[in-house]
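Across the two complexes that follow, subunit A remains constant while its partner is subunit B and subsequently subunit C.
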Partner chain A sequence: MKNIKRQSGFGNIVRSAWAVFAKDLICELRARNAISAIILFAVTSVIAVSFTSSVWGGDSDISSALLWLVIYFSAMSGLSRSFVHEDEASTSGTLKLAAQPNAVYLGKLAFNWAIMIAMELVAVPLFVLFMSCKIADWGMFTALLIIGGLALAVSATMAAAMVARAVVKGALFAVISFPLLIPVLASAVHGTSLAMSGQNAASDLRLLVYYSITIITTSLILFKFIWED
Partner chain B sequence: MGRLDSKTKSSSVMPMPLKLLWVLWTAAVILAAVFYLPPAYGFAVPESARIVIFHVPCAMLAVVGYIISTVYAVCYLIKGRPDQDIKSFVSARLGLLFTVLATLSGMIFAKIEWGTAWNWDPRETTILMLLVVYGAYFALRSAINNSTVRAKVSAVYNILACLVMPYLVFVLPRILGGLHPTQTLSSNSGLSIEYRVVMAASAIAMIWLYIWIFRASVNRLAGSRKK
Partner chain C sequence: MRKLIISNLSHSFDEREVLKSLSFAFDGARLAVTGPNGSGKSTLLKIMAGLLLPICGEIVFEIDGVKIDRSYIKSFVGLAAPDIRLYNELTARENLKFLAAARGCKCDISAVLEEVGLLDRENDPVGDLSTGLQRRACLAAALLHDPTVLLLDEPSTNLDGKGRQMLHEVIEKRSETGIVVLATNDPDEAAMCDEWLDLGACA
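For the complex of A and B:
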């Protein structure tokens, strides 16, 4: 990482972002803190939801809202730690020296997206099975889950970076990330409901893509202000 | 800091004649709203529509307050002057105050017209979310001890919240549609020329009040920072 330190240019940022991502992935595979917690949380809430309300599995409006609530709360429980654990392990100072702010942001974002997809891989099939949902458009359904996961990760990464500077962390994280997540949840729930009942959900998918691009661009401008001292 | 020193006298916040004029102006607006304006037909209780004179300027000023707050947040991130952070904070607080006022006046109107103070009309949903979003801004501020870090992080949050605000205020209510009388007032006989004039006067009174509170709060906070 010595040669790529503090060098601008697109290739360098992507390379150091990849290094940050790989570092997080290796740490995660060693300790399995975040991933086991978030997947178990998701499985527990899927079971709780389907145990109490599987009667409504056929209703695409209700089941898509429940599905996204499970994903939302799992993300809130798991993604808050991405910057806090750097501070706790006293590694944030080294990370600040080793990589540019934008590379750190992109690496953390990629890692959070990977966590979201890993969680969805376990939770969504279970949800569909337990709730006996009928899904008409599997392609759109999957695309919405992947892009919705990205949009959630984009907002959560920024919120996690902000919360890492605050005194109370856990409770504040959900509150801080809520504003960024309102459009995500609204269009993800709406689009998933349409995809389940076989209608065209392309406009919701487009909105999620545009929204993610907007927030990523803004975050790349703003991230250095919260990351650097 | 020299600029702040000159403003510490309370009379320089707003000169006394202007304060008196504001009181008279506001009294005139209230009297005009209650006695001069005709009831707006097309509503279940036509007399209650007069609350629009106070409700709409509050909602507009809330959005203006948030936008001013974000402008100062951007200025702070570029220049880094502490008074810009104070101005951003004060403006967000005023935005929240006017959001609460708009919510309350809307709830009174909804209670009279539709029988319930809250019925998850899209406008009500978005203004509730706006309250949560800016409530979180103050929670975030109070959770950070270092004043420089607080200023930076809350400026970043402010800019991100302002990105989402247009979606809440302008996009979501129009997608959902609902009870909120956007068309009723302008297309029916409701929003006549008298209504427009009195509403403009009311908006002027509120902008005036906004400037007054804004300058007084900035003065006070900048003074307490120096001590």
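For the complex of A and C:
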């Protein structure tokens, strides 16, 4: 019998992470465990917000806060599923045997980020349309949404891995995620407000990038201990 | 020369002690782990596979005088167990393709599917397969990377006559050059093995 040593080089981890991402994407497209809930929540909240608060659409501070509230709560409604579903379907053992912990984290992170972007592609145009928002700097606005989505995804992925072992998963996910995500929300709301009014939001964008890099680095060190028993 | 050495192994879940200072040495190709329900058969196999860390003690596999490094153990073992399932949304072939990609190995997926008799149902979603065929698919996943140590937990459960025959052939073939460990209460399966480890007697 030949033995295939588990490769641990960066290239192999990236290829393995890509396999995890592709697997999650195919399973999601076929079963729609998370995306339906997230998009439904996002669209419902945008419509509810626009009914009651569309008069403030011209106020960039209020609009950006409402936009990120919609994004945050939509994300919270679905991102916790990434690891919980593996446990419920008894597939986490299969994943643990086949892929290295860091590949699992990166694959799940990429999948959660893709879900965030898909949700933003639906919710943000609706929000801008219904709230009659004026966006002065579309480039910065889009960059903040993409990087803000990444920052939400990196924290939510780690929190989801932690709560997958717990009994009261839903409540615990929100409790763990909230303090982790306060810096993200504060920067994203402030930066988006500046981008809407045409002011320079580069410092907020930089903070979101640094935050994401920090949490990804920390997660790559810690994830093994959370994922493996 | 194939050896399995278990030294002073203990494991517990919360307050419940499942394995207590278990020591055992095995020199052969096929080992049956037997014992009543709850005696720790599945736990022992999961520790062997590197899925669980024991509270204390260690397990060493030695093939032709070479110790298998525990940090690489998942590359060397294949585990098929009732609570380790494949993705229902993917077909049997897609599952194996994913596992091969995740492991970073080039595996002959068709050969493995043929070995477990699943080639004609390879494009059916695993969730649509019968329980017996799902067990075959899980066995295929365990065999995919040609493991040196094959761990089978209650492998014949839900298998029909043909399935059992296939399983016996797999055990015969894999034990020619590697180690096969069977957790079972089936006397016929246990009889195929060189030695028995009765966890009921160890308790």
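The rule is short, and it goes like this: the second predicted complex is superposed on the first by the 223 of 229 C-alpha atoms of A that agree within 3 Å, B and C clash if a C-alpha of one lies under 4 Å from a C-alpha of the other, contacts with A are read in each partner's own complex, and residues count from 1 in each chain.
Heads up, the rule we're going with is that a contact is a pair of C-beta atoms (placed from the backbone, for glycine too) under 8 Å apart; a residue touches a chain by one contact, two chains touch by 3 or more.
Just so you know, these numbers come straight off a predicted model, no measurement behind them.
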Open item on the list: Given the alignment on subunit A, is it a clash or a fit between subunit B and subunit C?
Closed with: fit
Open item on the list: Is A:197 touching anything from subunit B or subunit C once the two structures are fitted on A? First, second, both or neither.
Closed with: neither
- [ ] Answer with first, second, both or neither: which of subunit B and subunit C does A:96 touch in the superposed model?
- [x] second
Task: Residues of subunit A touched, compared between subunit B and subunit C (which is higher) - done: C
Open item on the list: Is A:54 touching anything from subunit B or subunit C once the two structures are fitted on A? First, second, both or neither.
Closed with: neither
Open item on the list: Applying the document's definition of touch, where does A:142 land relative to subunit B and subunit C: first, second, both, or neither?
Closed with: neither
- [ ] Look at the superposition and give the distance in whole angstrom between the closest pair of CA atoms, one from subunit B and one from subunit C.
- [x] 5
- [ ] Could you give the residue numbers on subunit A that contact subunit B in one complex and subunit C in the other?
- [x] 229
- [ ] Within their complex, state which residues of subunit A touch subunit C.
- [x] 1-7, 12, 15-16, 18-20, 22-23, 26-27, 30-31, 89-91, 93-99, 103, 228-229
TODO: Note which residues of subunit B are touching subunit A in the complex, please.
DONE: 77, 129, 132-133, 135-136, 139-140, 143-145, 149, 152-153, 155-157, 159-161, 163-164, 167-168, 172
Task: Residue numbers on subunit C that touch subunit A, as the complex places them - done: 46, 49-53, 72, 74-77, 79, 81, 83-90, 94, 98-99, 101-105, 125, 141, 145-148, 174, 177-178
Open item on the list: Quick check: in the complex, which residue numbers of subunit A touch subunit B?
Closed with: 158, 162, 165-168, 172, 175-176, 178-180, 182-183, 186, 214-215, 218, 222, 225-226, 229
